[in-house]
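In what comes next, chain A is part of two complexes: it sits with chain B in the first one and with chain C in the second one.
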Partner chain A sequence: MNVLTDNFSTYGKGFLGTVELTVYASLLALALGFLMASFRVAPVASLRFFGTAWVTVLRNTPLTLLFFAVLLGLPRFGLVLPFQLFAVLALGCYTSAFICEALRSGINTVPRGQGEAARSLGMTFGQTLSAVVLPQAFRSVIAPVGSTLIALAKNSAIAGAFSVTELLGTYRTLSELGYNIIWTFVWIALGYLIITLTISALFHLMEKRWGVAR
Partner chain B sequence: MTATSEQEPSALYDVPGPKARKRHRIFGVLATLAIAAILGWILYLLFDTDQFTTAKWRPFAYTGIQELLLRGLGNTLKAFAYASVLSLVLGGVLAVGRLSDHRPVRWVATVIVEFFRAMPVLVMIFFVFVALQVQALPALVTGLTLYNGSVLAEVFRSGVNSVDKGQREAAYALGMRKTQVMVQVLAPQALRAMLPAIISQLVVALKDTSLGYLITYEEFLHAGKLIASNLDYDLPFIPVVMVISPIYIGMCMLLSWFAQWVSRRQRRDPKAKAAAVTRAEPGGLLPGER
Partner chain C sequence: MAVDPLIELHDVNKYYGDLHVLKDINLTVGRGEVVVVIGPSGSGKSTLCRTVNRLETIQSGTIRLDGQPLPEEGKALAGLRAEVGMVFQAFNLFAHKTVLQNVSLAQMKVRSRKRPEADRRSRELLERVGLAEHADKLPAQLSGGQQQRVAIARALAMDPKALLFDEPTSALDPEMITEVLEVMQQLAREGMTMVVVTHEMGFARSAANRVVFMDGGRIVEDRTPEDFFSNPESDRAKDFLSKILKH
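The block that comes next holds the complex of A and B.
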């Protein structure tokens, strides 16, 4: 127990690091995923191709390899940024592929007749999109996007191994200080459980509020 | 090929008329130019920072280096083989536990599955490696097995549950025992339906073997890192990434495509009729999961 009370600030810093990483990477992943999903359903073939290539490559890339390439490779191009930013970039790009697929299958669940009806009422493309298609798609993507973001929070642990301040990395400091390593990990595990359960509860709430009854 | 057959039907766009087609063609040209510009810029950066010098690519011509890479690849595949076999076994055991009629067994299995699914794999790997002080390979395999085994348990369970109710009822009506119903009727059909999801989960396991790099297991990425940090070859970092990533991504892609192929095949198979075949998507939701 004193492992936690003695090192509350270390744990707190690590916990906040993980939360920060998760939030920023989630925002990047959602934005990029939305962009890629719009590419993948676009009527322009080259955009569709680009979106498909992005998703296929990133979904089959080991995240460690991506971290390796981004954190150690991009500086070779003269791009020097703080490691945390690189980590957000790697995590966000990786997760965007999964977000894209979730959003795309959400858009595909909207029946074709909905769009046709909207157009025959004289709605413009923007109106069809914002008033008819996206609200319906949103309802069916809550659960898959939630589980993708939980996976993102768990994946953020990899950043710790690349010397970004986050929860898993705290074990190194604490084991140097000579604390019981098993208890150190128990509290780390608890920290991750808090984060994943919070995201899960958040999306459960959204699902309850807006989700489609299945 | 007409414009409509290129794309799956969606609610977003109408069938384009002549004006829209012309507009799409202009957008297409602009988008192609933009993508080409990005690719050209990356290529320019590669040349600008001297990534194609002989010094940086020379190491790949040496047999010693090639052997190092192959050994790394072998170690990656070894970890993958152990992890996938063990996680299939663990998944089977945990699924049986979760489907058990005895409440305590069900409860224990549920706690184990939920806990290991909520934990980052890396935390488990580090725990086994640092706290229990075992070798890198067993630590990696243990971590991967616990996580993927738990996920596979859920896959198996939802597979068994997705088999048409009539199958179970008919088997019981024929006087089959509980174990017989499971082994001879439900499990074979569930396995057929879940095969794509199982292979997709193995893709995740293959991808996660690269976590071994972080606990200094001598796998593929580790071999790459050794070459990349060699001053004699002018730190050939980008060349190493350019050699390693196609192989890594290619392996995962092959396995993913295999999963998709199995999925398409099973969908046509009349033997897989009693349970809906899952889609081959890594990290996708299982039927009934939210």
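The block that comes next holds the complex of A and C.
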């Protein structure tokens, strides 16, 4: 029980590390996922190909392997960044593939005629997507995007294996100090719960606000 | 024939895979002319209508609007589409926007009008189609006939050179058909260039300058409504008319 009170700052640092990883990687994943989803429905064949390749490669690579590739691979090409930034890159790119597919399935729920009407009025592809299709797609992708971001929060634990400060990694410090391993993990689990429940609450609110307004 | 051609289709062919849906279509629509396209289902009349603003691509032939060939893609194509309004069978009003926003959106995005100016124009047009008091409703709160009239106002808001109607009344109850046709009659009288795919023979008789009869992807007849309805030349048109005018 006193694992937490004795090591509050260790836990706190780990918790903050995970929160930071989750927030930054989520923002990156949302931005990239949005871009890739636009590519995948674009009228230009090369963009569609790029989007499809992006999703295929990232979605089908084990995340740990991707971490190895980014953290050990990129420095060989002269790109040396702080490990936390590398971890955000790996997590964000990996998750963007899933966000992209969620958004694309949302785009497919919008009736074809909506896009046709916008195009027939002279709106460009970008205008049609941003003003007509995506706002309607958005409503049906709130729940799946929420799930994807929750998965991201938990996946961030892998970064700990690459000496990035995050929540799961705190167990190593604490078990070296001889604390009860069960309680160590109970508090870690609680930390993750706080993060994931916050994400679900946020998306629940968004769904209430926008999900059914039709 | 038309003195001042606005829409010209020359030897247009279109295939869906192996299916040849438009066969050597030649059609000229003059400025201010109302051309009604009729024919049995699957005759290619909707497809023909949709090729004019390139919602459907074609495999061969040329389509010109006001002398300019249709651009393939991108900004030039978008610019051209703004000049040709389109009214759909399924209305296709933007479901997440109010009636007023529906009419104003493209004015702001495409014509770069400021919101107050766009909204003023939208209200004017909504007044004209008799829906001024519904400006703040969502499309789902309107009847089909009202939605279609909003769709017409939305198309007019771009100040198009021509309007395409793709079976505008086919999804409507009989009572609502009249209110939509009245708006279209009004536009025809005002000299709007219109291509109308429809099953409304009454509209064809009263508002059309020409009737184009299609069958199996070809234009079979292209004549004045009086000639066409009283004295169809082809057997196919006679057969078609005998079936639909019986009731």
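Operating definition for what follows: the second predicted complex is superposed on the first by the 197 of 214 C-alpha atoms of A that agree within 3 Å, B and C clash if a C-alpha of one lies under 4 Å from a C-alpha of the other, contacts with A are read in each partner's own complex, and residues count from 1 in each chain.
Following the convention adopted for this analysis, a residue touches a chain if its C-beta (ideal position, glycine included) is under 8 Å from a C-beta of that chain, and two chains touch if they have at least 3 such contacts.
Keep in mind that what you see is a predicted model, and the values were worked out from it rather than measured.
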{"item": "Which superposed partner A:P135 touches (first chain B, second chain C, both, neither)", "value": "second"}
{"item": "Which superposed partner A:T148 touches (first chain B, second chain C, both, neither)", "value": "first"}
{"item": "Touching partner for A:A161 - first (chain B), second (chain C), both, neither", "value": "first"}
{"item": "Touching partner for A:M123 - first (chain B), second (chain C), both, neither", "value": "second"}
{"item": "Contacts of A:Q114 with chain B and chain C, given as first, second, both or neither", "value": "both"}
{"item": "Superposed model, chain A: greater residue contact from chain B or chain C", "value": "B"}
{"item": "Touched partner set for A:L72, first chain B, second chain C, both or neither", "value": "first"}
{"item": "Residues of chain A that lie at the interface with chain B and also at the interface with chain C", "value": "43, 111, 113-114, 116, 119, 132"}
{"item": "Of chain B, residues touching chain A in the complex", "value": "3, 6-14, 16, 20, 24, 27-28, 31-32, 35, 45, 49, 51, 118-123, 126-127, 130-131, 203, 206-211, 213-214, 221, 224-225, 228, 235, 237-238, 241, 244-245, 248-249, 252-253, 256, 281-285, 289-290"}
{"item": "Residues of chain A touching chain C in the complex", "value": "43, 111, 113-114, 116-124, 127, 131-132, 135-136, 214"}
{"item": "Chain B contact footprint on chain A (complex, rising order)", "value": "41, 43-48, 50, 56-57, 59-65, 68-69, 72-73, 76-78, 98, 101, 107-108, 110-116, 119, 128-129, 132-133, 143-144, 147-148, 151, 154-158, 160-161, 168, 171, 175, 181-182, 184-185, 188-189, 192-193, 196-197, 204, 207"}
{"item": "Of all residues in chain C, those that touch chain A in their complex", "value": "53, 55, 73-75, 78-86, 88, 90, 92-96, 105-106, 109-110, 138, 140, 151, 154-155, 158"}
